Amino acid sequence: MSLLDIKGLGITFGGLRAVNEVSFSVNPGEIVSVIGPNGAGKTTLFNMISGVYLPGAGQVVLNGEDVTGMRPDLLARRGMSRTFQNLQIFQSMTVLENAISGYHLQERGPVLADLLGLPSSRRRSKAAEEGARALLARVGLERAAEREAGNLSYGALKRLEIARALALNPKVLLLDEPAAGCNAVETEEIDHLIAEVAKSGVAILLVEHDMKMVMRISSHIVVLDHGEKIAEGDPATVSRDPAVIAAYLGTEAENADG
Amino acid sequence: EIKIGATLSATGPASFLGDPEAKTLEMLVEEVNAAGGINGEMLELVMYDDGGDPNKARTFATRLVEDDEVAAIIGGTTTGTTMSIIPVAEDAEIPFISLAGAVDIIDPVKAWVFKTPHTDRMACQKIFEDMQKRGVTKIGMISGTDGFGASMQAQCKGVVGDYGIEIVADETYDPKDADMTPQLTNIKNTAGIQAVLNPGFGQGPSIVTRNYKQLAVGLPLYQSHGVASKGFIDLAGVEAAEGVRLPAAALLVADILPDSDPQKAVVTAYRDGFEKKTGTPVSTFGGHAYDAFMILKGALEKAGGEPAAIRDAIEGTTGYVGTGGIVNMTAEDHLGLDLTAFKMLEIKNGDWTIVE
Amino acid sequence: MSELLQFLFSGVTVGAVYALVALGFTIIYNASDVVNFAQGEFVMLGGMATVFAHAAGLPLPLAALVAIVGTAAVGVALNRLAIEPARGAPVVSLIIITIGASIFIRGAAQLVFDKQIHTFPAFSGDDPIRILGATILPQSLWVIAGAVLVFVALWLFFTRTLLGRAVLATSNNRLAAQLVGINTNFVMTLSFALSAGIGALAGVLVTPITLTSYDVGLTLALKGFAAAMLGGMGNPKGALAGGLLLGLLEAMTAGYLSSQYKDAAAFVVILAVLFLMPQGLFGRKSTDRV
Amino acid sequence: MLTVEGLRSRYGRIEVLHGIDLHVDSGEIVTVVGANGAGKTTLLRCLSGVQPVTGGSITFRGEALTPVPAYKRLRRGLAQSPEGRQIFTNLTVEENLRLGAFLFSDDRVEKDMEDAFQMFPILKEKRNLAAGGLSGGQQQMLAMARALMGRPSCLLLDEPSMGLAPIVVQQIFDVVKGLKALNVTVLLVEQNAFGALKIADRGYVMETGHITMSGTAAELIADPRIREAYLGI
Amino acid sequence: MKLTPKTATLLVLAALVAITPFFFPSGYYYRVGALIFVNGLAVTGIVILTGYAGQVSLGHAGFAGIGGYACALAPVHLGLHPALAVVLGAVMSAALAWLVGRPILRLKGYYLGVASLGMGILISMVLNNERWLTRGPDGIDVPDLGLRGVLKDWGLNLSNGEFWYFFSGIVMILGAWAALNLHQSPTGRALRALHGSEIAARTVGVDVSRLKLQAFVISAVYASVSGSLLALQNKFITPDVAGFMHSIEMVTMAVLGGAGSVLGAIFGAGILTLLPQVLTVFAEYEQMVLGLVMMLVMIFLREGLLPSILRKLRGTGE
């Protein structure tokens, strides 16, 4: 049994089968990448797994438990965490507060204690803040900690999302195009970060169009096209698959790392 | 110099009442000062607009008492604002003359509180008296849900039994409603109904009157003293208003009062003065302020500027002839009017006539 | 039977009034996401200005025209002097500006006009039209026709014209609207002029029925707002349907249940509808994805 | 064609552009590369007029651009495909494109739209769908197509390849290259510096609000500092 | 110790309450001060609901009505001490908020606005129409709190105005203190997070509907207590406290002062309470000036008085 099992997942939007019968699984420490053309259904798949959309068919099994259609906050409690392709930043909070929010499950407590400012409440906040600062340092945002998040550049925000997702100390981490908006060097940093996280035993599911990165760090790749899984395997196999080349990589793919 | 205070609802939902009240007070103070003041002392009027909000009224009353240090307060356009001023006046022991309708204001009697308008209970009694004369025993009632309508509705229900009349249909409308045909349809369809009564003020009664005609209900329609202004006939339309009866003070019918009527001189003078000054037709509401001011003036003339003395003098008012009737106050009666102060009017050909 | 019909007539009359107000909300909302709380004052201005222009000797149609154009000018001024200078402010701040504007306009109206209640003659007389034992006033037909006409015009504007699309684009993404060459200030000016004009037209049509005074705006705005939300804010279809539905609900409740709680019934139904359809009857779901 | 001299801009009191000098000649493709937060987006926002300029000048086709309001700049021929795509999410794909051609009402609009559909067939499939329902990459295509609908003589592109499949990235770069033939000038901000430099004539490097390097594309690709800092080679 | 925004705010408020009376020329100013504090309390609740959590309510006056009428009715009908009636009102408001909040907090923006508006109107309608209980639109008397008498026995002799000034001031500061605690606490952060992005808040584990409900209930309690204080102070209450206008007023105060900050919102309450008193000098122009001031503040200090001024001082942002 794997940590995350996707079984025959599917959904339709007004007649369009955005995702159809997709199955695969992710083990702890593994990085599974989902690639495919624009509109293939990758983000939709993420949205179903993370409880944002209710799947029309199939099952999501997390750690042996059927969590299909479960609310995102309940999934978070079970160790699932994610980032978004379309940034979902708490704009008017500071960068640090954004990161602390990731510790919500650890720091939350009775409202009354929070209202009365009891020591327990302050203790919880403090612990979360320390963790958050460390994480910001890890993604290279420590100097922006006190800035209002809405004022950051796009690339910085992408990294802030990763930090927030890591704060949950997840068992399963879903990353939707984490390197978008970052240049080759910045991408490499993220690369390392992800690999490191995986090494600590987290199961990672990754969507990314930067093939260099995908090929470098994936242990397994799932290829979607028009909502269907068209190929699957290790990076080398997939990158040679003619169907994948035709639908997604294009002819230049080979020398993309030029 | 003597300071008198006023907090009135010159704006807000009761501005219809408060506006002429405010204008009347301004006019009268000017007149008194032009004539050399009271016993040689000039009057200063400190007036606030509470917008009909009881909480504001209370704040302004506090301000009048504590900050402006007035000798007496006139005001409280509505029952709600009046009720919230009362504790202030009572605490500070400042005489207070209210311009609002509800009987609760002076019943039970409060040492420092007086009022000039007839009570809504009196209006009910006057109306039922007239109905009784016409042999009506079953009526429908449609009341506004504002303070005026609701209070009068309650008072009418309280006294209707005394006249052998039964309310067989009881409907309400919101003061800002645009159409009352559903309620009137229900009243019309109630078996045995012989007349309809509409307590309310503002635009509601005009719309009720129009709808009443639209539905061709065809029974006698009674309005309350809340619509006692010329504007009502224009708004309801001459045709629709034809035959409508209501109790009102003599002010409205100044011209057709017999010369023998003691009020004739007073009401004609006030009306002419008001209409000349403001260019708007006189209403009985301004008349309430007129009476309040004149009673206060009388008291000031007698007692000077000391609140306790003023209070006693107001309570001692007898035989004051005002727009609302002849006032005889006592320690038990801080209104001093009786039913004869009301005239039963009927609208004929777009004008008021006196029934009887 | 005639009873039901009478309630129906009443409901449609009142509903058409609400619909007209609700329609007025649509344009400004569509251009800026702002619910303009001064919309009721536009209705008031339409009615009051007509009354006074008529009293000053203008024939009624001309007086109405003057009122509508004048109110549209007030709308433009509101945008130019208060909304535009606050460009970039959060939507709530803009809403507070419109609340301030409504207080200001009401305050000005009681000075410029007066505090009396007014009306002017119905366009086609006061003789009720009798149908199967129920009656309806000719003016009600004017109001209903006005509501339907404004609805059709707005519907065509938003679905058939590029300018209508530009209005929607402005609220959806002001930055992008500027990048494609839309003069967003002009769009706002236009929206305020149209909204105010529609409001004033509503005032002209409904005054013979509801009467008018300097303070009628608030209640009308409130009911119009509720109607617009019931139908789904921003959609002319929703404004019309919401208005009529609200009017009918009130009339039916007043007729069959309790006149005291007729507004309550209306709100209970609104709550129930929103419970099932959180965007109102015809409101569109936001399509933003994550 | 486009000359920027000493351009400064700030958010509140924090200045993020400290005097940018660059120029783009007619028909050229010029790219700007730089790290996150360098100020590339801010620069393009200044050029489009949606960001206040606090110093320096922008000259476009010999005219000062700074006093021209944003909505009039497209009329002058300046279009932008902005960062974050900024499509009209509540409107359909087709409506988005039509609004891209808001200034025009001639027959060419239909033809341009057909061209756009040819370039990105997926948009044709989705033409009646609310644009907010598109996938991220599809939205990026729409943003690009919408900018082209404005018939620009100078096109500002802010990371046009972001979130696009490799096969489409290639296509986008081909399109940009193709614009040269149509004599459209392009200022291209890209994180895919390698891809951008391959099609560009010249390039600038931007660091924390300054231009720190410039040269022909070939020179920049060859420069070891660039290779290390931006190309990751 | 470093002066945190929280202690700074509390110090400012405490100083205001304690020091301004030295400058009062007459007892009337205590009344105005007390009103500011009562409104400030209600508006602090709005800060939690709207400023932190981003949920708009146009019906909170309804809770003030419940709190106020509890003080009028419970002592008479249930024999409760008025102080306990305040608690009863708060509990009832909380219970109602909890019941109503569940379905309506699913709605967003204006839709939530209209739903809460409906709730408020229903409450005020009941207060208006159920004359047998509430005595209808003309209002009802409220018994004395009795605390002033107790203080007198202890040798602290305050006038009615003074008593209500200090009493409301203290309650408001307590309310502000709790709201400020909340701001920097895990719950407060979660509330502000869901304001920023509901989806993202959910994925970090925030139970969004539960948190919204908590904010709604807490703010209802604030409004309720504020209504109770008003009723006890006036010794009289009418259904106007529960009216739509009062709800709008609360939101306006919050936004005008700066809905995101407690001090700002209390500032807004102060301004909007004072304005009508100050503007009486404009006589019939009062309304126009009031409207004008509101517009000008929002045009030139668009984030609200206090935050905008602070921002200008600090010089960040636009």
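By written order: A, B, C, D and E. Residues from 1 in each chain.
One rule holds in what follows: contacts are C-beta pairs under 8 Å (C-beta built on N, C-alpha and C of every residue); 3 or more make two chains touch, one makes a residue touch a chain.
Which chain is which protein? Per UniProt: A = Amino acid/amide ABC transporter ATP-binding protein 1 (HAAT family); C = Amino acid/amide ABC transporter membrane protein 1 (HAAT family); D = Amino acid/amide ABC transporter ATP-binding protein 2 (HAAT family); E = Amino acid/amide ABC transporter membrane protein 2 (HAAT family).
Note that the coordinates shown come from a computational prediction; the quantities given were computed from them, not determined experimentally.
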| remark: The chain whose C-alpha centroid lies farthest from that of subunit C is chain A
| Of all other chains, the one whose Cα centre sits farthest from subunit E | D
| remark: subunit C and subunit E have mean C-alpha positions lying a whole-number Å distance apart equal to 31
| query | Hey, how far is the Cα centre of subunit B from the one of subunit D, in Å? | reply | 73
| query | What is the distance, in whole Å, between the centres of subunit C and subunit D, each centre taken as the mean of its C-alpha atoms? | reply | 42
| In whole angstrom, how far does the Cα centroid of subunit B sit from the Cα centroid of subunit E? | 36
| request: Identify all positions of subunit C at which a residue touches two or more other chains, and write them in rising order. | output: 110, 260, 263, 288-290
| message | Residues of subunit A that contact two or more other chains, please. | response | 43, 52, 84-86, 88, 151
| request: Going through subunit D residue by residue, note those that touch at least 2 other chains and give them in order. | output: 11, 133-134
| note | Contacts from subunit A onto subunit E in the complex sit at residues 50-52, 71-73, 75-77, 81-82, 84, 88-93, 97, 100-102, 104-105, 107-109, 111, 113-117, 121-122, 124-125, 128, 148, 151, 164-165, 167-168
| query | Can you list the subunit E residues touching subunit B in their complex? | reply | 25-29, 31-32, 35, 128-129, 131, 136-139, 141, 160-161, 230, 234-236, 238, 240-241, 276-277, 280, 284, 286-287
| field | Touch list for subunit C against partner subunit A, complex | value | 288-290
| Mind pulling up the subunit D residues that touch subunit A in the complex? | 11, 33, 35-38, 41, 83-84, 122, 133-138, 140-141, 159, 162-170, 191-194, 228-233
| task | Please name which positions on subunit D make contact with subunit C in the complex. | result | 48-50, 69-72, 74-75, 79-80, 82, 86-91, 95, 98-100, 102-103, 105, 130-134, 146-147, 149-150
